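Working notes, beginning with the structure itself.
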Amino acid sequence: MPSNRENGQTHPHPRREPRYPGPITLARLEEIFRDCVDFVRRTVWVGEDPRRALTLCYLSGMVKMERISDYLLRPMAQDPELARCAGAAPMMERMRQGALYNLAVEERDSLDQVVFDLVGGWCVFLFPGESTVLSCFVGTEEKRSVSAPDSETVLKGAKDAFVESVRTNTSIVRRHLKAPELRIQEQIVGRQSATLVDILYIEGITNPHLVEQVAARLREIDIDGVFSTGAIEEYIVPAARTPFPLVQYTQRSDRFCAGLAQGRVGVLIDGIPLGYLAPAVLGNFLQAPQDKSSSWLLATALTILRYFCMFTTLLLPALYTAMVTFHQEMIPTRLALSIIAAKQNVPFRSAFEVIVLLIAFEILQEAGLRLPQSIGQTVSIIGGLVVGSAAVEAKIVSPAVLIVVAVAGIAGYTMPSQELGGALRIWRFVLVLLSSWAGLFGTVMGAAVLIVHLAGIESFGVPYLTPFAVGTGVHSREHVLLRRPMPRIKDRPGALKPRNRRKQR
Amino acid sequence: MPDDRISLRQLLTLTFAALLSPAIQVLPGLTARRAGVGGWLATLAALPVLLGLCWVLCRLFRSGLPETAVETLGPAAGRGLCLLYLVWGVWLLAANTRQVALRFLTISYRNSPMLLFLLALLGVTFWLVRKPVRALARAGEVFFLTLTVGLVLSLGLGAFQVDLVNLLPVWVEDLSAIGWATLPVLGLLGYVVFAACLGGNVVPEQEGGRRVLRWAAGLCLTLTALQTVCLGNFGPGLAGRMDTPFFMMVKGIGFEGTFQRIESVIIALWVLSDLALLSLLACACSQLARTAFALKERRHAVLPVVLAAAAGAIWLFPDAFALDRALEGPVLWGGIGMGLGIPLLLALVKVCTGKK
Amino acid sequence: MKKTVLVLLLLMLLLTGCRRYAGILPYAREIEDMELIRTLGVDGAEGAGVAITASGDRAQEETQVVSGQAGTISAAVLELQGEGSSYLYFGHVTQLLLGEELARRGVMPSLNYVLRDVEMRLETALYLVRGGTAGQAIEKAAADGSATDRLEALADDAGLTANSMPRTVKDVLAELDRQGASFVPAVLADGGLTAAGYGILKDGALVGWAEGDAALGVNLIFGKVDADVVEVQAPDGAKAALRVVGAAASVGPVWDGDRLTGLKVHCEVDANLAEGSAMPDEATLSALEEELARVEAERMEAALALSRTLDADYLGLRASAAFRTPWRKTALLGSFSMAGLKLEASARAVIQRSYHADG
């Protein structure tokens, strides 16, 4: 991978600075890569002259054989000018300046850099008697091809999703956002993984303080390696304080670029096929990417439905428990009589029934995630039969509770964001507990605590409740409940404090 | 505090949400008792006073009540005034907490859960007020939204059952009674001065004054609608005898066969308004305490204020009857005096010293 | 922070178990441990006591009728609780029956109980039991069905019986406050709980009954006529049946200088020709209309006569008159007395259409 010093790349900071001290010698390299069967070294005669012998080192599997052969070994063997060089230094200079056909040829003087180059897919030429070496990039390009996103269904829109290679991802972004003002800063995160993390933003639109905040938080990360998304997610936001998601991720490149154009900052991580957008507030998590592709009336109706589902999944089990145990007058008389008849021989209390069924629901969900497709269907049948019919007929649970829990669970699945759905599931339990102790007073106190909790959270300085509780001096609201026709939304969201408010004529 | 800025709109929505809690206690019960069928006009009659009060508060307390008091009256007298408001505020906080906790008992036969409600409410208030003021403002906005939905629903459905004979006719001979009935409304408006204590946090705006006046008009109209629907449902005699006519009205609304008897939900929803009121009072008291005792941070004053209010709520009022008497007597007159009288006096003093 | 949350959760879990008598949490009750009471009956008992009868719905296993007796209603209700097999829940009570004897003593204690009680609500329908006690009425009705169903059917079909309209406790309380008198639908204490006109309350006690024509007149004055068939004689001797489908009444005061001497009630009646000649001509129509107007005016006169004899403004005439002439408010609303006033009724009928297919 060509490294470009102008883009602000920093080398990883080892515990010992430098990680590998000392001069660059073959013996040293062999010692560092001992017990590595893919470390290969060979001698190359330049111009077939045994007096001009170089040592070539590389890690097999990381390099592409054809590149070394075609772009490096062939000119070294066939170039007459090279063969006529008077010493190692002029030969190195000639090779660096174009005698080798490779695109990236660098001179390295620190052992650290050489070692990481080797791991990165570069090959290294050691010159006899020289303290510096030449390093050429010949890495393989093995990566997944760009295909449709598998976790987000795209009905109507671009199907080029992000892949594991960060450079390919930035190229996909550039294809959607051809503005030259798109800036891509890079950092290296993780001592053992040395993962490349890119920060993308559009200069002139994005608030520079926001960019600086994101970059600073990434710089502070000092971990072993980035092996899961949580390694970055939980560090750039104060995730320990809340189960609600504070950054939004997406596999779709068009959604990512739309976010960048709004004035948000994007983060791409090498090895993870997701793009992150910050800041992310509650309104973002309740908008589905399909909304901008359907008619605005339909989108509005669906958004309202989603908000209704959010309240249902959070409050329905708690409301049922409160109504059945404390406020029986709220239930319509006929329904109350049928509930009484249905619960006649059920041995458990209503609150306990609700909690047990909620737990059973979670178990079914968790089991469904682990199973392969073929067994999954069997489990769902067993779950439906056992929990559903048998339990009701054996009068272990009453049918009303089953319906309530099932409706609440299904409503939770309409959330466009899995993290938000997860946070709501946790709070659902809390609210059911509170309502079983104190009825509707408990439920409302729980809801109030939730509101106060959300009111205190900010995602990179933007209040989490942004569409409903905007801060100072912010007026325009885009797509809260009503998705206005796109020609009417003239400004970018004010909460992000973009440099350029107006986005269309 | 530079990073603790809230917008005027947030302060106004918080105050509106907070005022809904004492409003349903006072209206239309007290006004119906004093003015009969004309009671619903009492809020309209109070509109000019409210507009005047808001104009004075807006002009006067740009930087918040505590700072302005110290500026205008000098450090000693200013701190003394802050202390006076602090004591008044804590007493109001205690009385209102107890009132709210008692209200939830109206759906139960027993008395013991009252302590739980009281402590739960004060606990959440304490947690909310300890956060920066902008969190309180945002929570207030969400409370306002929820309460608006509940209020519109209840008043809308209740309007179908209004009997005009209960509201009219109102003629010239009722005017003096209406004037007398305006006093409870003015006592209610005495809570607005506590919103002025947070004036220092508000980002100044261009159209600020006009926005406040529009808000005042909206508040009066909402209170009038509330009174009209409640009085229209029950008539002045019956409304005067009830504890909380609004909740009794909500008991009767609904669509047969779809949803009815949802008064528990509306009563529970009003807990949000109570929280808004209690946190507004607690926040204002902590601001006053910070100025009166020259503390460094507002957060340090929150715990003593809440503890004092809890102690007052548990021990100052031996029973609900004493509390009712307190709310109809001292709270009313104190509200008028502290909420309207003293700001006017302060404005006069400022104008006089300004002219010199 | 984490420790406090854990401690709280643990405390909460423990409290769920020992909740019943440990007091600090609100009292919970499982719905299957409840029996829903739908109809409540209050009667006078010896001394100044009351006897309460309560019954559930037919949808429950059997309609259980329980009764209790004590000095006050709250005490009597508590006695009821002891009799039933599960907790008796009054949150769904939709009908309240008051015995005649108790009503003559005074209805205010019962109505105030409904106003103040935690579980009862003001939308409860109120009925007076004529010729018996509420307990007898409920028990007899429970023999074939349940009192609740009968009364609900009565309330639902109220429009079809032009001499009865459902009234709630709220209406009666508001009227007693406003005009010192009110009226309540009456039922007989037979098994079928048939409607029997109205009972007139004055100052909180039963003073008389409005039945037959007077009851029809009351409905007319309040405009609650949905379907009432009046048979009149056509000029050519045939009998015509007119279906009265609407009525709108207005009250006007009669003044002698500044003194109120009387009230005039005028009613606009809307009717359709149900049975009679197929193509009536102008003369027949106007004759029928006049006849109908006369009949309706007579009915209203009967209702007004009761108001005068009992000296009770149970129809709210003074308030309606004040509504239309607010400048005379003090004179009209100053007193509740009707004895010295001349009450007149007039009606005008309009036959809109006939029900013949060719009409």
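Some observations on this one:
Per-chain numbering from 1; labels A, B and C assigned in written order.
One rule holds for everything that comes next: a residue touches a chain if its C-beta (ideal position, glycine included) is under 8 Å from a C-beta of that chain, and two chains touch if they have at least 3 such contacts.
Predicted model only: the values in this text are computed from it and were never measured.
Central chain (C-alpha centroid nearest the global protein C-alpha centroid): B. With chains reduced to the mean position of their C-alpha atoms, the one farthest from subunit C is A.
Comparing the chain pairs A-B and B-C, the larger number of C-beta pairs in contact belongs to A-B.
Centre-to-centre separation of subunit A and subunit C, using mean CA positions: 67 Å. Each chain gets a centre from the mean of its Cα atoms; for subunit A and subunit B, those two points are 46 Å apart. One simple way to say how far apart two chains are is to compare their mean CA positions; for subunit B and subunit C this gives 39 Å.
Each of residues 25-26, 91, 121 in subunit C touches at least two other chains.
The set of subunit B residues touching two or more other chains comprises 107, 113, 116, 261.
Each of the following residues of subunit A touches two or more other chains: 326, 329, 438-439, 441. Chain contact summary for the complex, subunit B toward subunit A: residues 5-7, 10, 104, 107, 113, 116-117, 120-121, 124, 127-128, 131-132, 134-139, 141-143, 145, 203, 205, 257, 259-262, 264-265, 267-269, 271-272, 275.
Listing the residues of subunit A that touch subunit C in their complex gives 324-326, 328-329, 331, 333-334, 336-337, 339-340, 343-344, 346, 349-351, 433, 436-439, 441. Chain contact summary for the complex, subunit B toward subunit C: residues 106-110, 112-113, 115-116, 163-166, 168-171, 173, 233-238, 241-242, 248, 251-252, 261. Taken together, the subunit C residues at the contact with subunit A in this complex read 12, 15-16, 19, 25-26, 28-32, 34, 36, 38, 57, 59-60, 89, 91-92, 94, 119, 121.
Every residue of subunit C that touches subunit B in the complex is listed here, in rising order: 23-27, 91, 115, 118, 121-123, 170, 173-174, 177-178, 316, 319-320, 322-323, 326-327, 329-330.
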